[in-house]
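There are structures below to look over.
Two complexes are shown next, each including chain A; its partner changes from chain B in the first to chain C in the second.
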Partner chain A sequence: MAKVFIYPTTSLILSDLVARFGHTPLSAALQIREHIQSPGLESPPLQITPEDPKRGLKWAAVEVPSGVRGRMSLYGPMIDQAEAAIIIHDADFSFGCMGCARTNELIQFLLRKSGIPVLDLRYPRTEEEGIEFVAAIKKFLEELGGGGA
Partner chain B sequence: MTEYHPKYTNTVTKYVFVESPEMTPGDLAIRTYEISQGVMIKETCFGLQITGNEDDVNAIIDHLRKFDPAHIFVKDRGFPPGDSRRCRANLGGARPGYFGHEFEISISRFISKGLEELPKRPIGSVPKPPVPAGSDKLDAKKIQKIIESVET
Partner chain C sequence: MSLVRIAQLSCGPEYSGVQKEIDEAARSVEAEIFFPDIRLADIRQGFDLFGLDVRSPDLKLAIARARALVEGKIEADAVFIATCFRCAEAAIVRNELRRYIHENSRLPVVSYSFTERTTAGTLLTRMEALTTIARRRALLAREVQEGLTLGVDSGSSTTKAVIMQDNQIIGTGWLPTTAVLKSAEDAVDLALKEAGVGREEIQATGTTGYGRFLVGEKMHADLIQEELTVNSKGAVYLADTQHGPSTVIDIGGMDNKAISVQDGIPGTFTMGGICAGASGRFLEMTAKRLGVDITELGPLAMRGMGREVPMNSYCIVFGTQSLVNALAAGSSPEDVAAAACHSVAEQVFEQQLQEVDIKEPVIMVGGTSLIQGLVKAMGDLLQVEVVVPHHSQYIGAVGSALLASGFIKGS
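The block that comes next holds the complex of A and B.
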C-alpha cells in the first residue's frame, strides 16, 4: 500500500480512486484533522498557529511570504511521505489568492524534484475520456505495487 | 489567547457522496442506520458524513460501497459535521470546499462510466488518458542546449 499525494489536495475523485484501488491518498483533510484535533491555543478557523510558518521553513525559504510557509506546513509533511503523486492540471476550483497560487506551484515543483512517479492528467470531459482516465489511474497505481484491489 | 480543547478526538470524518440513478442519499442513509452502532451520521443533500472510530467508519463505508460501487464516492474530511468554524449555518453562504465538490460531482458520471467499463477492458491495453496541453513556453532543457551550442 503506497502513500499517494493527490493534487488538488481536496479532490473527491482522486481521493476515492486511490483508496478504491488499495492505496492511501494523502489529502489536505488528513493534515487539517491533525491540526484541529490537537490541543493548544485557539486559532480559528484551521488552528494554524504562529508555529506553522516556522515549520514551513523546511520547504520554503525565509523570504517566502508567511502565507505560503503556513500552507507548506500542512502540505510539506505529506510531500515528504509521498511515494507517488497524481496531479490534475485543470482544477479551476483550486484557484485562490497569491498565497494559494504560489503554494500550488511550489507543491508541484517539490513533487517533481523528489523524483517519485508522477501521473499528469486533466479532468475528463466525455465518457470515453472518463474510461481512459480511470484506466490510467488504475494502471499507475498497479505499477506502484502493494495495492489491495 | 484562549486554550483550545478539541472535540471528537481520535475520530475520523468521511464524506460519502452518491450520484446514482438507482440510489438516493435517503436510501444510503437508511442503509447506514441499519449497521451504524456508535458512529455519528449527518445526512446531507449529496449523501452522508460519518464520524467515528476509524475502523467502524471504514467498515460502514465498505458495506455501503457494495450497494452501488460505481456511483458511491468517498473522501476524508478534516472537520466534524456542524463545526462552527466550517458549518454554513454559522458562516452564511456556501461551505468552504463546496464548489470543488459541486464541480467534481458534475463530472462523476464520467468516472462512474470508467469504473463500470474497467473490467471489460482487454488485459494489457494501454490507457490514453486526457493529458494537459503542453506549454507554449520554450522548454528549459531546449534553451540550455541552445545556450551550450552558441557558447561552444
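The block that comes next holds the complex of A and C.
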C-alpha cells in the first residue's frame, strides 16, 4: 500500500479512486480536517494561523507570498511523505480545484524533484477519454504494488 | 446601527492566517465580511467575459464575484479586495478589479496586499473608511458648514484644531503632538482664543486622526471619523472642487494617503505606512540634519537640483545616510533638500499613486503640503499642476468641523 499524492488535492473522485485500489490518498481534506479539529485554535475558516506561513518556509523562501507558504505548510508535509503521485492537468473546477497557480507549480515541481513515480493525465472531456482515464489510473496504482481493489 | 455588508474578493488570506484579522477589523466598525456566492457556470463566464486570463482559480473566482457585484446580482454596501503581497498575478487582478468596480458601480472599494503579519489594527482605518462611505453618504454630501463648530485632528506628529462659523474658518490651533489629550486641549484653546469664542458656545465637535477616539470621547464629540473620508471632504471643500473628480494626496508624519474622490466622496483609496522613508518624518529629519526649520526646507528645496544627489532608498535610516554622504561629498544643502523631497514624492508615486486613478485636480493637503519642494516634486512626477488649498495643513480639522455641523440640532 503506497501513499499517493493526488493533484488536485481537493478532488474527492481522485481520492476515492486511489482508496478503491488499495492505496492511501494524500489529499487536502485530511490535512484541513486535522487543522479544523485542532483544539484551541480560533482562526476560521481553515484554522490556519500566521504561524503556518512561517512553517511553509521549509518549502518556499520568505519572498514567496504568504498565501503560497501557508498552502505549502499544508501540502509540503504530504509531498514529503508521498510515495507516488497522480497529477491531473486542466481539471474541471467541479473535479477539484486548487486556488493558487504559483503553489500548484511549486507542488508539481517538488513532486517531480522527489523522484517518486508520477502519473500525468489530462482531464477527460469525452466518455471515451473518461474510460481511458480511469484505466490509466488503475494501471498506475496496480503497478505500485501492495494494493488490492 | 445596521451592519454594513462588505463583499470580500480575495486570494490567499485564509491560507495566510489573516482572515480572522480581516473579520475582526470589519466587526470593530459594525460591518460584516461576506463572500459573494456564485454558481460554477458564472465563474467560467465571469472571467471569460472580463478578459483577464489569469491562471489562479481563486483569482478567477474573485473576478467572477466582482462581475456579479457590478451587475447587481449580489447586493453589498462596499468591497474589500485582498491578495498576497509580492504576488504579481494577484497585483494585476487587484488593480484591475478595483478600477472595474470603481468605474462601473457606486460601491466604495479598497484594496490591500497582506502578509502573515497583517493585523486587524492595520486594517481598521481602511475598514472604517469603507463603512463610513457606505453608511454616511448623506453626511459626506454636506458642502456648507453651518453654525459654530469645532474640528480636531489628532495626528501622529501634530495636533490641529479649527473653529468654523457660517462657512468661515475663524480660529486655528496647531501644536506638535506630545501627550495626546493635552496637545488636543491646548490646540483647541489656541483656536478658541483666535476665534474669540468660548468652549460652551460650540454647537458641534468632530475629531479625526490617530487620537480621534481618545480625544473624541474626552470632548464628547458628535462625530469621530477616520481621516480618509474627513480629509477628502476637507480637501475638496477648501479647494472649492466639491463636484466632479479629484485626487487627494496627504503625506503624513506616519502614513500616506492617496484618495480618488468623486463629488466629495472617496471612491478608492490607498493608505501606506510601511516605511518612514516615504513620510513627512523623513523630511523632518532632513531639515534637522541641514540645520534648518522644517518651514525653511521647502524654499530651500526649490532652489536646489535634486537629481544632482543620489538618494535612492526606501528606508529612513539609509535615506538619511545618503543625505549625510551627499553633504560630505560637497553637495549643497539646496540640492540635498530637493533630493529629499524628490525621494519622498517618488516613493509615494511608485507605491501608492499607482493604485488610484489620478484625476485632476490633484490636491495636496496636510502639513507636508506646505513644503513647496515636495509639492513641486510631486507635480513633476505626475505632470500636473498640484493644487494646495489655503489652510491645507488643517485639512482634517476643517473636514471634521464641516461634517460636524451636520450634527447641530435642527441642521
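Observations, loosely collected:
Following the convention adopted for this analysis, the second predicted complex is superposed on the first by the 142 of 149 C-alpha atoms of A that agree within 3 Å, B and C clash if a C-alpha of one lies under 4 Å from a C-alpha of the other, contacts with A are read in each partner's own complex, and residues count from 1 in each chain.
Heads up, the rule we're going with is that a residue touches a chain if its C-beta (ideal position, glycine included) is under 8 Å from a C-beta of that chain, and two chains touch if they have at least 3 such contacts.
Just so it is clear, the structure is predicted and the values come from calculations on it, not from any experiment.
In the superposition on chain A, A:44 contacts both chain B and chain C.
Look at A:65: by the touch rule set out above, it reaches chain C but stays clear of chain B.
Residue contacts after overlaying the shared chain place A:99 against chain C, while chain B stays out of touching range. Of the two partner chains placed around the shared chain by superposition, neither chain B nor chain C is touched by A:80.
Looking at the shared chain after the overlay, A:29 reaches chain B, while chain C stays out of its contact range.
Looking at the superposition, the partner that touches the larger set of chain A residues, chain B or chain C, turns out to be B. By the document's definition of touching, of the two partners only chain B reaches A:127; chain C does not. Residues 42-46, 93-94 of chain A lie in contact with chain B in one complex and with chain C in the other. Residues of chain C touching chain A in their complex: 11-20, 23, 40, 43-44, 54-58, 61, 83-87, 89-90, 114-117. Residues of chain A touching chain C in their complex: 42-46, 48-54, 63-71, 74, 93-94, 97-102. On chain B, the positions that touch chain A within their shared complex are 1-6, 8-13, 15, 17, 73-79, 83, 85-86, 97, 99-101, 103-105, 107-115, 117-118, 121, 125, 127-132. Looking at the complex, you find that chain A touches chain B at residues 8, 10-13, 15-17, 19, 25, 27-33, 35-47, 89-94, 120-127, 129-139.
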